[in-house]
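Let me give you the structure first, and then I'll get to my questions.
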């Protein structure tokens, strides 16, 4: 018997659309004395497409234990062939951050984390440069310097993966980490690596987007947070934002302006991932 | 027995939050062979506040008739003491538009209507000035000129109400109609009159907001679409938008810039109302 | 001797940066009793780059005639090897509009024109389809239907050019004209053809950008107004704008949302061109 | 004789509009071998209003010394009865920051300062609470704790003024300093105190704007950076920004969202002040 009191949990579901899903899920939750607090649903095509759902619900003292509810839900899930995930809102995900030399995205995340706006644990920050060691450690977070050279890339990645697994990391944020990760690395953390690209994708894929934006004379610059796949800058987009610029901006000033929106777009994406608000389907994201 | 084929309907619910609502509603719909296409829900406070829900669902040929489903739902509704509304998506609401001399908001609505972006019928446009008669009639819409003077206000409103009831109007849009409506009038169409106020409410309530914005030297100007109540410019806000301005803008240029956002904010609000996406609760709106 | 009274004029200048330009120009204007009302200036690189300037000035009754001032300025201009243009603010440019079947960009321009927000003359609208004839003519503007087939493209363009020259057109707006113009045509009106591309360039160059945006799962869609050159969608960008979208948007809904920003971006670009606020340099625009 | 090499300076001018100002100023600069790099100008009303101008110019090695140029300009200035200010771009202003307990605005400024994006010196941070001492000192900046109670307000302000004068502070930023300053204090630093108000002024003047915004059910929240005068939240607005919110936002979530735009609006305002881009006229700002 449970001694819990008002425990918030979240359920994410993806499956083929079919009649009765919402009814089955909500009736199940009602049976287990859960109260649905929020519920979002999306169907790609009501007549035979995919069905996606996110439910936040509360379990109460006199009701059932979370682990029992989760176990029991497996039956509902299998009858609809769902991909699903049920987790406690209180369980803090473990987030690793990868950086190089630039600190703006990292600091945005650390500040939000310290301010209590980002409910994660940060067991480590990994960098290919020692530049930000002192800054990171001042937040009480271990900083691990893994230099990456042309000839030690595989070895460096293996070292990083070891550290990440050892700390049981839930997801990874590339906060302006300037290295391309191998398919091996990406495959180890599928849909669990978030990158910030400093342009409004799919414009200006690849290196030096601000220089390209300057050349092209755009009137808006952008930033794109996306999940990393093996196609460079082609992974599922999570969030994008833009800022108005004009002919007076030098490439350097575009870069400065861009930092602002990189910070905003990345920290929104990380917050949504942290709160289990994102479902990845194919090369797209559903944000609930 | 029904001969319908894939009929889309919408259900809006407000009631006190309590366990089992979602389960009861979704199970009901499943029993009547409805397929939930989209579902949104909001609770002001999970432990004992208000519960709001909007569901879009499809009824199929081999299933139940819409009128039967609606009738049957009354039982579910009464057991939870719901305020509710179930309607066919295909039923076009009847929208009346009130204007004075300015045409930009009116034309935005008419253009979207003609382009098929605004699925309403427009049985009449009412104005206190004859200015826009030709324009309105060129769209094949009856234009009714009801002059409003100091001493005939009550009579003019009565005339307007007669016309509106006669055409069985669902809702009214004040597209820069420069008259204040009496409590009688407003009470006849509660939560069914949408106004566009040419400022970012609650800033610059009342007349001449652009002149006030100029005086105050604001850097953004706004527009606010809201439901009309008896408190001037204090009704539930539906949508707001802004545009960046600077010291170079004269009052007249603020007005020109403002027209752009008035059109956008108003036409979004009207589209949401048209699609039953809005629930009014107290002095606020929930937009699903 | 002049009989003018407070005549507003505009001067646009491009030349190599060098000391004394502003002094020479402003002293010239002062000598001719002009009062500088607004002045903007941009140097790509203060030590040896390009210099751009836009001045608005007033000539007064007791002062000099505009044609005399313009003639006299040629000396100042040649001493600095300027490209320059001096024109009366009151001279209404002649704008031709090219359309196909979609009316939203066209109507936006026509409304603003009729509302007095766009001070141009519109001697003709040319279309490869007869669809919008009645609409255009209801504004009292001649509509010329020039069908374009695979085998008559050159002939159709020649016909269009004839009409444009015959009406002494200053510039051309492609308001969702779905044909690619030949280098001959573009060369006849250099820096004088404005196109609206329905994406945030350089993303989604070419046809069907909304379908591509849907595929890519972007979170913002955009529109780009630019001058037409012989590189498809690669001409100097004048204005861009965006709108936030989400996973619920179908390709068709992206298209509907996009119309809003196409109208806004295009009408801003046209207004700036109309007011001589744009200088084209290389593949970029300077907007004053 | 000067030994300087390419020295950038800035000139700000306010005076009554009259013929020949631009000519006189630019000719003066040309005589002193200065090269005008950027020039902006605004006239409230060309026929007899106010004239405002900002010029950036470069002085070269073989030319005149800055102090000579500044001295000499006094003649030009007095002949047009200008209020004016000429300063070296390289002279770093001394900025003091006032805080209470919230750190987000302070940290935004400190990051930008450390990143080289904000070219000021920060001789001290003053707070009525000790909360942020360690954080401030970790940036190598002196932190002065001056408690403010009901009965020591005048004394506390005097203490603060002493410190500010002692450090020869150029301007003061109230980075969520929750105390109202006395007319004496404000009068000591006229047009030199920048405050961030956590709403879209003039909406929600005074305390608890997020609670008021929640009550009113607004769809956008805002932040306003302005110069402090003796009318609460009524001083000249420098910058405003907004963020879209919806019915799901609690007061606390509005507050969290608001922090983002407070940081952005404030840091833009501070950057503009730092670069001498602002002229205050009456209760408005001209931003060049």
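A few points about this structure:
Each chain gets a letter, A, B, C and D, in the order it is written, and its residues are counted from 1.
Rule of thumb we're sticking to: a contact is a pair of C-beta atoms (placed from the backbone, for glycine too) under 8 Å apart; a residue touches a chain by one contact, two chains touch by 3 or more.
Predicted model, so just to flag it, every value in this text is computed and none were measured.
Contact with chain A and chain D alike is made by B, C. Ranked by distance of CA centroids from chain A, the top chain is C. Here the spacing of chain C and chain D, counted between their Cα centres, is 36 Å. Averaged C-alpha coordinates give centres for chain B and chain D that are 42 Å from one another. Touching two or more other chains at once are residues 42 of chain A. The touching residues of chain B, when paired with chain A in their complex, are 6, 17, 19-23, 26-27, 29-30, 33, 35-43, 46-47, 58, 244. Residues 103-104, 107, 111, 115, 117, 138, 256, 260, 264 of chain C touch chain B in their complex. Partner chain C is touched in their complex by these residues of chain A: 42, 200-204, 215-220, 222, 236-242, 246-248, 283-287.
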